[in-house]
Amino acid sequence: MYIRIAEKVMENPETVTLYFSYEFPSVPGQFVMVDVPGKEEIPVSLSSESSITVKAVGDTTQKMLNLGKGTIVGIRGPYGNGFKAVEGNKLVVGGGIGIAPLRYLVRWLERDIDVVYGVKTVKEFIFFEELRAKNVVFITENGSFGEKGTVIDILESMDLGKYDQIYVCGPEMMIASILNLFEREKILPLTQISVERYMKCGIGICGSCCIDPFGLRVCVEGPVFNGEILKNSEIGKYHRNGSGRKYVWKN
Amino acid sequence: MLEVRIGDMVLENPTVLASGIMGTTVSSLNRIARVAGGVVTKSVTSEPREGFKNPTVVNVNCGILNAVGLSNPSAKLFAQELERYNGEAPLIVSLAGSEEEIPELVSFFPMAQGFELNLSCPHVGSMGAELGSDPELVENICRRVKKRTSKPIFVKLSPNVTDIVEIGRGAERGGADGVVAINTLRAMVIDVEAGKPILSNRIGGLSGKAIKPVAVRCVYELFETLKIPVIGCGGIITWRDAVEFLMAGASAVQIGSGVFYGTSIFKSVIEGIKDFLVRKNLSLEDVIGMAHRN
Amino acid sequence: MLEVRIGDMVLENPTVLASGIMGTTVSSLNRIARVAGGVVTKSVTSEPREGFKNPTVVNVNCGILNAVGLSNPSAKLFAQELERYNGEAPLIVSLAGSEEEIPELVSFFPMAQGFELNLSCPHVGSMGAELGSDPELVENICRRVKKRTSKPIFVKLSPNVTDIVEIGRGAERGGADGVVAINTLRAMVIDVEAGKPILSNRIGGLSGKAIKPVAVRCVYELFETLKIPVIGCGGIITWRDAVEFLMAGASAVQIGSGVFYGTSIFKSVIEGIKDFLVRKNLSLEDVIGMAHRN
Amino acid sequence: MYIRIAEKVMENPETVTLYFSYEFPSVPGQFVMVDVPGKEEIPVSLSSESSITVKAVGDTTQKMLNLGKGTIVGIRGPYGNGFKAVEGNKLVVGGGIGIAPLRYLVRWLERDIDVVYGVKTVKEFIFFEELRAKNVVFITENGSFGEKGTVIDILESMDLGKYDQIYVCGPEMMIASILNLFEREKILPLTQISVERYMKCGIGICGSCCIDPFGLRVCVEGPVFNGEILKNSEIGKYHRNGSGRKYVWKN
């Protein structure tokens, strides 16, 4: 599908939200493959029914920051499983750009949600006004706003036992620490964690997004997995690039 | 009831995972091996290859278009990966490269139970053409690979040739234990809004539903002439599709793009074939090549 | 706005009826000529041909499979038929036969405004292969036909070759005024209940949706190399399909199997192209070959 | 579609009705392409929602007489336009095997129908019991049953003006005469006439069934045409074989 950018919002100097005048039939946690003119096609989560939010980390994402309103981009999807809604108390945990799909999730879950949202410095916060209306703990590593520390620091200080479900998205090292914490707390089964892997097809055939040891495809069986499935997986240990070559995460 | 024997290789059932489909990591191969009669890995080359930029795989009307560009981490690294293969079905390693490179790759894979030669990559030297379009070259490569291994070898045939049977004959003369037909059809999809081809490589290979009638024809033609087994591949989604290939003369079938419909496709094809045999009171041997006898 | 010029031939719009589709009687050609930019007749041979037994045309997943077998009442009788042609769009007569026969056919058709050479029929002498898979033969036939007529001639290319561009080059060297790409893909469909191929001729030609990405690729490749115009054909159903072909480099498009969706398909493709040009503020020339420039 | 013959009824020594345990979504007048094992594929009208009725006239039709119950035949279709129902008084005119689609029509129209049904000798009548329950004039050329003469003879003696619609199917020469009669009576616009032409594809692409002078396809725009369209057409004059060669009808 080729679709025009209807609106463009710079969330911070390195993050943009692109709005389309089209609502993707979707649930939060699902992603689309976005073909950026002149650059590559990359997977990006929906940050609402009709938007994506991208942080510039390389060539393609940088280019996306500079796409003008009205530009036509190629979009395939939505793909993947997405988050599942549950009844009861819910905690949403986001780190960095990982807040993008969680913003859609928070809108969708509507109530009984606490949010923990950590970034490095205050300038990185996005969807700030929207989230602030919710029950949110803002965290910065340098203490420039909200609590000082990492998301893990805060989670360790919280009573996680009171939540019926915990939703997580963020950098892989944060997820790795969270998996350890949740294991210690014996709450892995109550978690839904979104992860990222290198993707080509997005539709479950090329195999590039498979994670060890079960060969689960992040694009089909994921990107949202139960914490138990991820605990003894490659997540936090290594990942693969487009050739399938393994790269061990440097902590 | 569904066991097939191809050369020395015994498959518990005639469904095999096609090369390049969920074949990059051993864990995904392990997953399919629990159901399929065999699995073929992603094609591997001597040097690592990043492949083409995304988009490399897109859904099109009636199929899938891809130009992945033989991305792989190199034979050496991939062999390390395959060490953890669970052995639940014969493992066939797909090899790609030049006439010189392919035979060299064999020794990396002691865990392989067979090799598939993917000769659809550009022929080093004669620009653009594929190794697999020259029957003599195919014959030579087979001979050279056969010298390196006593395991069965299969040649994956390209449909983008004037006469696929001629290429199949080259493989047979070279000592191949079977041929696999077919690889993708050279194709292109242009996005009219952007005014350019969708794939980053512009031209790609068409697979899925769209190519099934072409693939069935290729299998039919090959079966008529070759003595070695033919393995069918191209657009298999249902058990009916698989039976069509068997009737055309395939001893087994590979499923690639069909995995789009779920990894349970192997199970559903296997069960469907079983039901069909029972309903028609036929054995698998009766069905293989049946269309030639009717 | 949609007028195209191919050699000396002026088409009011770039849609042309493909050969073998409603092309047996002059009254059906007259009917299409009222809307289409041009019409091509069913291929005609020097002797009458009954063609194969039915089934000769069947619907398959994503397309149509046919083995009509070049049925026609002979050039002589067909020329009588064409005397009543209404002249509302250029009439292109499709000629088939051997290297010797085809040039002889030209003189039967004074009412033709051009000729299309269908070289996809079995090559007399070299069993099975097609005339259209030998570039020298294609060149020679073109030369011989050109000697008989000053009207534009087009070579209809088969996709069942290793390198379609090589064949297109043969046509260009022989003086062809354009090439038409593509004819059908060799294919087969087997009925699993009956255990045999559905077509009476077993093997047939696949057309329709399924072959569009292959056809677009062929047009793209031909446009890159040839100087003479390329006419696209294969799986065009909507204006988007037609625009894809134009962007790949086609100067005009032929519609065949798409007539299954109704004879109004020409109208809807024409209107769709118009709307597209207006919306994008482009001329037809801008669009032709656009995918090569983007 | 491949379908098993559920029941077989010999209507007379040279005519068989094959019943399938499947109701074709169809209207009367539509036909199917029937692929007879070992023989050709031929067009045959539906004689009910789930049957075809065939008269042996050549190789394939002869073979169909001998197909056993349980045999699987290939069927494509239903194709063609079929008859249209109208309100008011209706006359149904059948000659020979032309009664096959009309039997389905008569069942479908249900009421306000008169039927004129002519054959050569009494042995040829089919669906006799079923039709006799309706208001039918049976005609034989040799007078062996019912009125003696041809269908035309009877039609000429009738007050055709009282009918709101007249449906016709039968041998081409009968249709030719009927077209002349209807023209004289100025009732051509009120008629629906089913005709036959050599068919290959049945789906409107091969062109073999086109009739002059409008190039109408019997398989798509037909087989049922308004009498006005047929009046100055090739119907009754010539037809074509599989190669497209014209054959003038011998009267």
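First chain written, first letter: the chains are A, B, C and D, and each begins at residue 1.
Quick note on the criterion: a contact is a pair of C-beta atoms (placed from the backbone, for glycine too) under 8 Å apart; a residue touches a chain by one contact, two chains touch by 3 or more.
On a predicted model such as this, the values are computed, not experimentally measured, just so you know.
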What is the touch distance from chain B to chain D, in steps?
2
Just to check the components: without chain C, which chains are still in contact with one another, directly or through others?
A, B | D
Let me check something: if the centre of a chain is the mean of its CA atoms, which chain is farthest from chain B?
D
Whole-Å separation of chain centres (CA-atom averages), chain A against chain B
36
Would you mind pulling out the distance in Å between where the CA atoms of chain A average out and where those of chain D do?
67
Inter-chain centre distance, chain A versus chain C - centres from mean C-alpha coordinates, in Å:
51
Where chain C touches two or more other chains at once, the residues are 194
Do you know which chain D residues sit against two or more other chains?
none
Thinking of each chain as a vertex joined to the chains it touches, would you call that graph a line, ring, star, complete, or other?
line
All pairs of touching chains?
A-B, B-C, C-D
Give every residue of chain B touching chain C within the complex, in rising order.
60-63, 65, 128-129, 133, 160-163, 185-190, 192, 194-197, 202-203, 206, 209-214, 216-217, 220-221, 240, 243-244, 247-248, 276, 287, 290-291, 294
Looking at the complex, which residues from chain D come into contact with chain C?
2, 33, 35, 37, 40-42, 72, 74, 76, 199-208, 210-215, 217, 240-246
Enumerate the contact residues on chain C facing chain D in the complex.
20-32, 42, 48-51, 53-59, 64, 66, 68, 71-74, 77-78, 81, 191, 193-194, 198, 200, 256-257, 259-260, 262-263
